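Chain IDs A, B and C follow the sequence of writing; residue 1 opens each chain.
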Amino acid sequence: MNTPIQRPTGSAKPAAGDRRWELLLLISSLTAALLFGAAAFRENNLAPWIAYQRAYRSALFARATDERTRRAAASFEIRYYQVYLPGLGRIDRCPTCHLGAEDPLMKDRPEPLRTHPGNILAHHPSDRFGCTICHGGRGRATEAREAHGAEPGRPAPMRRGDMLQAACAQCHSDAELPGMPVYNLARALFAKKACLGCHSLRGAGGAQGPDLTAAAGKHGVKWHVRHFMDPQKAVPGSKMPNPGLTEEEARALACLMMSFTGENLSRDYLPVPGARKAGGQVELAADRLGADVPPGAAPGYVGSETCLVCHSGLHPEAVESWRNSKMAHAFEAVRDAPDRERCLPCHATGYNPATNQFAEPNVTCEACHGPGKDFVPAALDGKVAEHRDRALANVRDRNPCVRCHQPHVPKEKHEEAVRRAAPKLGTATAAIESTSKN
Amino acid sequence: MIPPSGSSPAKKGRFEKPVKRRNFLGFAAVGSFLASWGAGIIGALRLPIPSVYPEANPRFRIGRPDRFPVGSVTRIPGRNVWIFRDERGFYAISAVCTHLGCIVDRGEDHFKCPCHGSVFDEGGKVLSGPAPSPLPWLEIGLDPSGELIVDTQVAVPPGSRYAV
Amino acid sequence: MQFEKSKKHTNKMEPASAPLGGFLHNLRELPRNFWAAVFRNGMPTSERARSKAVFGNFFLHIHPARVHCRVLKPTATLGLGVITAALFVILLVTGVLLMVYYKPSLADAYDSILDIHHVVPTGRIIRNLHRWTAHGMVVAVFLHMARAFYTSAYKPPREFNWLIGLFLLVLTLALSFTGYLLPWDQLAFWAITVGANIAQSPREITDVLGITQSFDVGGFQKAILLGAHTVGQEALIRFYVLHIMVLPIIMVVIMGVHFWRIRKDGGLARPRAADPPPVPGPPAGAKTYGLMALIRDTSPLVDRDLKNTIPAWPRLFYAELAVGTIITAMSIAISLWADAPLKEIANPEVPENPAKAPWYFLGLQEIVSYSAFMGGIGIPVIVLLGLALIPFLDREKEEVGVWFSGRRGRRVACRSLLLAAAFVPATLAFTIRYGWLRNWFPEIPQIVITFANPGTLFVAVFAVWSLFVLTRTRSTRLAAIALFTTFLVSFIILTYFATVHRGPNWGFYWSQASWPELHGE
């Protein structure tokens, strides 16, 4: 291809007096110098923490009364303050702004200079625990936005309000901690609803549901609350039975979920055993088994509510047909009977003739499957097959139906049948109880 | 302007003739360039000087006074400090040799440095060896929380004690 | 201080008559002689001294002593080469500074970035500078390549330098990509996870051929890159070593070759019209350029008149320093205005949604969403091969240094731009509205999609367009312009599209504001 000759482009030889490049270099250099200066000024003067420290220093001066306190105020340096926590793999620079946290005289100051409320620092000294292990957030950051982790569209890393009680559950597995109502409620629900029957936590528990070890990193509090209120709405097709929680309970459990950070906390920071009862989540759930059953009832009964936590979701039709059966309402007929103790072996579950107490009214799961402590702990540990086998074995081996449903006894002869059966029934119940002890 | 090329003498003049005019603009440009870059580089060289060290606070709590009976000598774990308590009160002596920073061992009634053999007496005074100065006595006091607090960066005159 | 004068000082000898054998005299003269030893030439004021200053100085002699005055014409090059080099220098300086605090370990990497941002003196601005100039350099090399292409600067004798430039482009992308992982945040982790699995994508082909067992290129590439099955400590240290040592060393050496070739190939490409025919008679600078005359090669000035050249000292240096300083000032301004991004610490259990590669790979990721192999390996290889072969397929002897080779080229470029700007968005809109093969035939094997997807469609259509231009104009140069322009425009459109309009699950969104909420607070 022949391109037409271009018009000469190179003939514009710069005149000797052409100073454009010098001028450009001068201007750009001065601009660069200005920008360097701006960067230096911003770094050394404009950071918000510097303003807070100045305010703190004037507060120290304002309340200084004698020579010693004035000297102390004068010796306050404007610099980064931090807690170095090699055991937790953290450096918490929160004291760079939160200067008065440990100064009892700053309790009327506004944040960030205010004294830390409560007396938690007395048994969690800040130089050993730092700040972020409880409060969350980014300890290394020195700006509120970054440190408090207010990134949109993500789980807020900082724990606020009653959600702070999630922090306790990172180390404590006590059933109750004084002054931590949300923690206590969450612990009780976690055990009562037998979460570990389906979910696992640090290797313990079942495999039906997702692992909870690092649940805090996956979803935020709001999502968890939504999920607990209605699992299928948050996760369409979820197999999780609706735990039937109030909003307050859902929030408490969500709070507990936020304590499952997946972080490997140093052994040094776990509560020292001996001072309080040690034990993991699984033991706790098993310990709570039967806690709602009257103490005088036949031993080993846990109550149908425990079973229904899972089974109402696993096979709702079966549960529903039981609910509509006479068994689920058998207690009504004998509630006001004069010689009730004769009826209770068949009209209630877990009846103990010695104390005249029963585990719960009506004929429920354990009436046929035997006392729950025999096989429910296996389920709480995620051993579903064992749970199933033992619960079914009780039905198969002991033929519990005939205990109450005697063949060839017409309805009108019920009174007589009961009288005749009474001694036999006592022995049958005793037999089941004796096998369940091991 | 550059004269047109021609014979040899003219050429010599063309290439060797010094440019007389003083180029103030050029000097200013290069000067400000060097100055701004110098300032920028000196600023950036502040980077390796940490503004805060990744290490434990030199000021630390050691526990309530009743942890230390009268007459006790205690080494604080992880901290190179000896805590003494006698009838007159508490004092803290650094365990860092003043020679080259090794950690001194405590004998019956003296401190001995394993690195270069400096020996200090019970109160930190140099008895022998290359150490140029006695082991410093460190500030010890009481925290508002009621715990003793030691500052390894503040020396106090030897012999001073903190009475509880 | 003048050249001749300083020479006198260095050579001045003192008679050994004094009692201390001249030692005192030497001591007295020490400052002056010391100065003269370091600054041997003084301030060069004559043209000869200036030339000498340039080729007598290690750092300046990368330039010729005299350059064609067209070099200083801003529209000739737009200064893109100098800008790229300046950005690279900023990256080197800030990179070394960052190395003081950065720790390439899973436990410390993210924390050390937080430290650099929050408490290291000047750390924040240094990191911002490093991040933004890295992006800037990627942009600059792309533009520099486009400039070299559109001004025919790849033509003989510059084919080899074009290839070197292409290699530098790949190196720049590799440096940028390896650096992307180092902060160890969610953005980094998932971008590198996606990237590493693209490296594994040849399995898409080998699986179909059934040879993955014996010939697993994809697995090999991924293993080399990550040293494990997933992105972890091994990958971090590998990326670190590549990023701070291997790639920069290669880069510096190759950049040196790139600059040196510019001189060897006769300076910047310029049209013949820029130089009037040589003045007949004895060459004017016979003595000065005597050495050059021995070499039977294209050298900067042998066949050119000196009339159109100026000494590199001082004006070229003013210009280069000015461009470099403007770029630096702009980088600082951006770094003051915006902080380098840093998301949450990497969480290998919870992917970013969407997990996007670095922006310069997003155009490819758009194609990757159909076929990892085509988007990640097939098409990039086609493009790189195409670019590498341009100087050898287009051998038309025509003007170099002229933008678009004149009016016809400009027209072809405009039409190519319109074609790509219409065809690419139309195809994307079509796939969003109607889906692609798998939505219509769910049972379709992947291998079909590997070879029939929007990416390969673009390549095919643009190749046909280029052939059409070739047959119509019988000009390989115009065909090359057609092909290059369509690719460039579609690259820009795809990059824009994937950056702005792709959201969670790689769905289409008008903007990030309309992304659904994924993690409730």
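The rule is short, and it goes like this: a residue touches a chain if its C-beta (ideal position, glycine included) is under 8 Å from a C-beta of that chain, and two chains touch if they have at least 3 such contacts.
This one's a predicted model, so the numbers in the text were calculated from it and none came from an experiment.
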Worksheet, complete the sentence: One chain's C-alpha mean falls closest to the whole-protein C-alpha mean, and that chain is C
Practice prompt. Count the C-beta pairs in contact for every pair of chains, then give the pair with the highest total.
Written response: A-C
Worksheet, complete the sentence: chain A to chain C, mean C-alpha position gap in Å, rounds to 50
Item to complete: Could you give the separation in Å between the centres of chain A and chain B, each centre being the mean of its C-alpha atoms?
Response: 45
Worksheet, complete the sentence: Within chain B, the set of residues that touch 2 or more other chains is 26, 29-30, 33, 36, 43, 51-52, 54
Fill in: For chain A, residues contacting two or more additional chains
22, 25, 29, 32, 36, 39, 80, 91, 93
Practice prompt. Specify, in ascending order, the residues of chain C that touch 2 or more different other chains.
Written response: 115, 119, 121-122, 307, 318, 321-322, 325
Discussion item. Considering only the defined contacts, which chain B positions touch chain C in the complex?
Written reply: 5, 11, 14-19, 26, 29-30, 33, 36, 43-44, 46-52, 54
Response to the item:
Note: in the complex, chain A contacts chain B through residues 15-16, 19, 22-23, 25-26, 29-30, 32-33, 36-37, 39-40, 79-80, 82-84, 86, 91, 93, 102-104, 121-122, 125, 127
Worksheet entry | Sites on chain C touched by chain B in the complex | 2, 45-48, 93-94, 97, 100-101, 115, 119-123, 126, 279, 284, 288, 306-307, 314, 318, 321-322, 325
Worksheet entry | Complex contact set, residues of chain A against chain C | 1-14, 18, 21-22, 24-25, 28-29, 31-32, 35-36, 38-39, 42-43, 80, 89, 91, 93, 138, 140-143, 146, 151, 153-157, 214, 217-223, 226, 262
Response to the item:
Touching chain A in the complex, chain B uses residues 1-2, 23, 25-26, 28-30, 32-33, 35-37, 39-40, 43, 51-52, 54-57, 60-61, 144-145
